[in-house]
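Multiple structures follow.
The following pair of complexes shares a single chain, chain A, combined with chain B in the former and chain C in the latter.
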Partner chain A sequence: MSKKKIWMLGLFFMFALLPQTTFAMHIMEGFLPAKWCIAWGVFTIPFVLVGFLSIQKTVKEHPKTKMLLAMAGAFAFVLSALKIPSVTGSCSHPTGVGLGAILFGPTAMSVLGLIVLLFQAILLAHGGLTTLGANTFSMAVVGPLVSFVTYKIVKRANGPQWLAVFLAAALGDILTYTATSIQLALAFPAETGGFMASMVKFMSIFAITQIPLAVSEGILTVLIFNAIKAYGKDELKDLKMFSKEV
Partner chain B sequence: MIYIDKYAYISKLKHQDPIYKLVFCMMTLGVCLWANSIIISIIALLIMGWHTVCKGGIPCAIFMKLMIIPMSFLAIGVLTVGINVSDKKDIFLFYISVFDINAGVTQSGIQNAAHLFFKALGAVSCLYYLSLNTPMVDILQALGRLRVPKLFIELMSLIYRFIFVLLETVEMMLTAQKSRMGYSGISSGYRSLAALASTLFIRAYKRSDELYTSLEARGYDGELNALHESYKKGWIQYTSPITVNLILIAMTLIIRHFTGGLM
Partner chain C sequence: MTAVKKNKVKKSIIKTLALVAIVIALAALPLLLVKDGKFGGSDDKAQKAINEINADYKPWFSPLFKPKSGEVESLLFALQAAIGSGIVFFGLGYMMGRKKGKEAANNDIH
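Our next item is the complex of A and B:
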């Protein structure tokens, strides 16, 4: 085999094996340089603070919501440990970003997301302590905000509910990965072409693996949401305390 | 499903002050990130591995197995950082070209990738030192002593408790679905998973409702109180992590001086 063929074979295997990596969206411990760990941590603080204050207010008015919030957090953690059958044939884990944002609103999600990510780092070794800020920013701030805004826009334009849920979940997923790619690209600009080239590199890897996953998560979220709506009307009413309207 | 947690409760270092473990972990993590050196990262890995395996009594095989978990992310990340794209060919050590674009590896690319690889491994070992030797309850208590807001810690401890309750429910439902061929194809898989997640959500909701009722019946007024283990106090116990990290910093400076950041 010529050298070129070996390389092509190697690349083929690399991409063939890629989609099986699960939890690829959590930046692992120690991967980001110290200054970016601090920077993303600082960017995340205001969002978490706003979320925390709003939770504090809600809990003071309705003490029962504390248990509900805790259940929501545990639900998000357990959901992310499930496997979705993906369109490409491999399995992946749902992020639960879209569902959480629609059910509990983006403010509560920032705090719950932070806690869930901390547990994932300590209990499952997915993500890390130093990269907690960066991961929280992409998965608990950007993702839920995008999902929530998408959901609202489609609803306001009188789009069907399933489309709103699907787009919210899929876009929330994709934007989460985009945010992660930007974080990685900023930390590791390419030698040739700088930030943009590096961004293209990370994005293309994420796009290959994550777009099918985003679609599967969108479909799954629609199914889950419909089932919850059919069987849990009363529960949904109570959740309005967090996101005003569902 | 979550075996890290199980080992944390049987670790011999369980009764050590959690703040001590937190400080040791974070300090070494910080030095590892700052040093960005292959040698220092390997030393950190050995120190943390020794503490966990020899002093904590965690089986070595488990520690090794855990080190493999982040490998997939690490491999992809390191490859992406190492491989560059350019239209010039002469900067690469070796490369392949597709049409007019050349993708290849430069010398500094390899260096960065190697540094990154070992740095991440060293950092992950620090994380494992903490999570394999400290039960979550102790970490939460330590956070409380560090003045993290009460509501936050309470949410965390409730979530921690609920995770296991829900995981048990999920496992039961998964077994039931699988034994009825619930995941035999893609479409049935989606249907089963949606049923599982929505049922789980409604069950979780009901559980939280019941929990609140039962707590209120026992005089709950917004705070869950529990007695905590008492630990040896004093600053003397912090001398060993500080010394270890000072030695690491000194070694980094020496290595930098002699190799110019190569190792």
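Our next item is the complex of A and C:
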């Protein structure tokens, strides 16, 4: 037997004998075919790069906001550690990226979200390294973008700030898991019904579980935002959060 | 503190507590209402769904490191939450103290 064949055989047995991994709220390690892992990873790269530059710029222009940036990242850290029971009889966790997206812009959260996901993938076997691109895309690209746009729209319509923050965080949360469902449906279209049938199936698992959690995330984000507003006016001014009022 | 300001603080505390109560209720009610719920991860269900759609699919990569038990895993999750909230509330405390210091300085001048 050639060396290559032995390698192939060894790898085959290695994967065949690996214990079934438990799924987490993010797409689990190994549960997305390789081509999709690569595709989502590639889609995510520009957002992370732009986010990195945007963070650099913000911190350079307003060094004072560093503390707030750490707090926004830490908030995502806390919320994504909390697995909360939901109406469907299963658990899921909020993402906490809405706050940072409102304060620092969507791409900044792509970087912070990536860090959170990396921590969970490496230490907690939650999410995964191969699915890191896909999970970053849903939680740290789609979620923050939705939050950011929602906040802007509600503010432009002269809606109250608490409502803008609430809707931004809640919708960002829901759309994150909608994106996860789409990613899984694209990779696993049903034999009958194809993409749409799979989409409905995954949506019913992720999105419905997520609705009460999204409400919770909205409320928690409003609470923390109000606290920051009460004591951190200087930072918020630096971030031009009061552009209209000032 | 003036009476008006005191009243305002009281109101905001009540509002905060009410919001916290809603969050707790949203987490606690499903536990009471969904009797046959197992409350595993929504991920476990997704895994089942994948198997239903494509029974042949095998995960092609496994976590490099896996917490040895549920206890160890919950330790790590608790640690994650603790570190996060530590940073958040350190920041809030810092901002709060800074504001108080500024106010005190202003009062000294007047």
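What we mean here is this: the second predicted complex is superposed on the first by the 176 of 246 C-alpha atoms of A that agree within 3 Å, B and C clash if a C-alpha of one lies under 4 Å from a C-alpha of the other, contacts with A are read in each partner's own complex, and residues count from 1 in each chain.
Throughout what follows, contacts are C-beta pairs under 8 Å (C-beta built on N, C-alpha and C of every residue); 3 or more make two chains touch, one makes a residue touch a chain.
A quick note: this is a predicted structure, and the numbers were derived from the prediction, not measured.
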By the touch definition at the top of the document, which applies to A:A190: first (chain B), second (chain C), both, or neither? both
With both complexes overlaid on chain A, does A:F31 touch chain B (first), chain C (second), both or neither? both
With the two complexes superposed on chain A, say which partner A:Y231 touches: chain B (first), chain C (second), both, or neither. both
If you stack the two complexes on chain A, which partner ends up touching A:L223: first (chain B), second (chain C), both, or neither? both
Just chain B (first), just chain C (second), both, or neither: which does A:F202 touch? both
When the two structures are overlaid on chain A, which partner does A:A125 contact: first (chain B), second (chain C), both, or neither? both
Check whether A:M71 is in contact with chain B, with chain C, with both or with neither, and answer first, second, both or neither. both
Quick one: classify A:A134 as touching chain B (first), chain C (second), both or neither. neither
Determine, under the contact definition given at the top, whether A:V111 touches first (chain B), second (chain C), both, or neither. first
Check chain A for residues that touch chain B in one structure and chain C in the other, and list them. 18, 20-24, 26, 28-31, 33-34, 67-68, 70-71, 73-75, 77-79, 81-82, 84-85, 87, 119, 121-125, 128-130, 184, 188, 190-191, 201-202, 205, 216, 219-220, 223-224, 226-228, 231-232, 235
Which of the residues in chain A end up touching chain C in this complex? 15-16, 18-26, 28-31, 33-34, 67-68, 70-71, 73-92, 119-125, 128-130, 184, 188-191, 198, 201-202, 205-206, 209-210, 212-213, 215-216, 219-220, 222-224, 226-228, 231-232, 235
Any idea which chain C residues touch chain A in the complex? 12, 16, 19-20, 22-23, 26-28, 30-31, 33-34, 36-47, 49-50, 52-54, 57-67, 73, 76-78, 80-81, 83-88, 91-92, 94-96, 98-99
The answer for chain A against chain B in the complex is residues 4, 7-8, 11, 14, 18, 20-24, 26-31, 33-34, 37, 52, 55-56, 59, 63-64, 66-75, 77-79, 81-82, 84-85, 87, 111-112, 115-116, 118-119, 121-126, 128-130, 184, 188, 190-193, 197, 201-202, 205, 216, 219-220, 223-224, 226-228, 231-232, 235, 238
If you look only at chain B, which of its residues touch chain A in the complex? 1-2, 4-5, 25-26, 29-30, 32-34, 36, 66, 69-70, 72-74, 76-77, 79-81, 83-86, 88, 91, 96, 106, 108-109, 112, 116, 119-124, 126-128, 130-131, 136, 139, 149, 151-152, 154-156, 158-163, 165-167, 170, 183, 186, 189-191, 193-202, 204-205, 207-209, 211-212, 215, 222
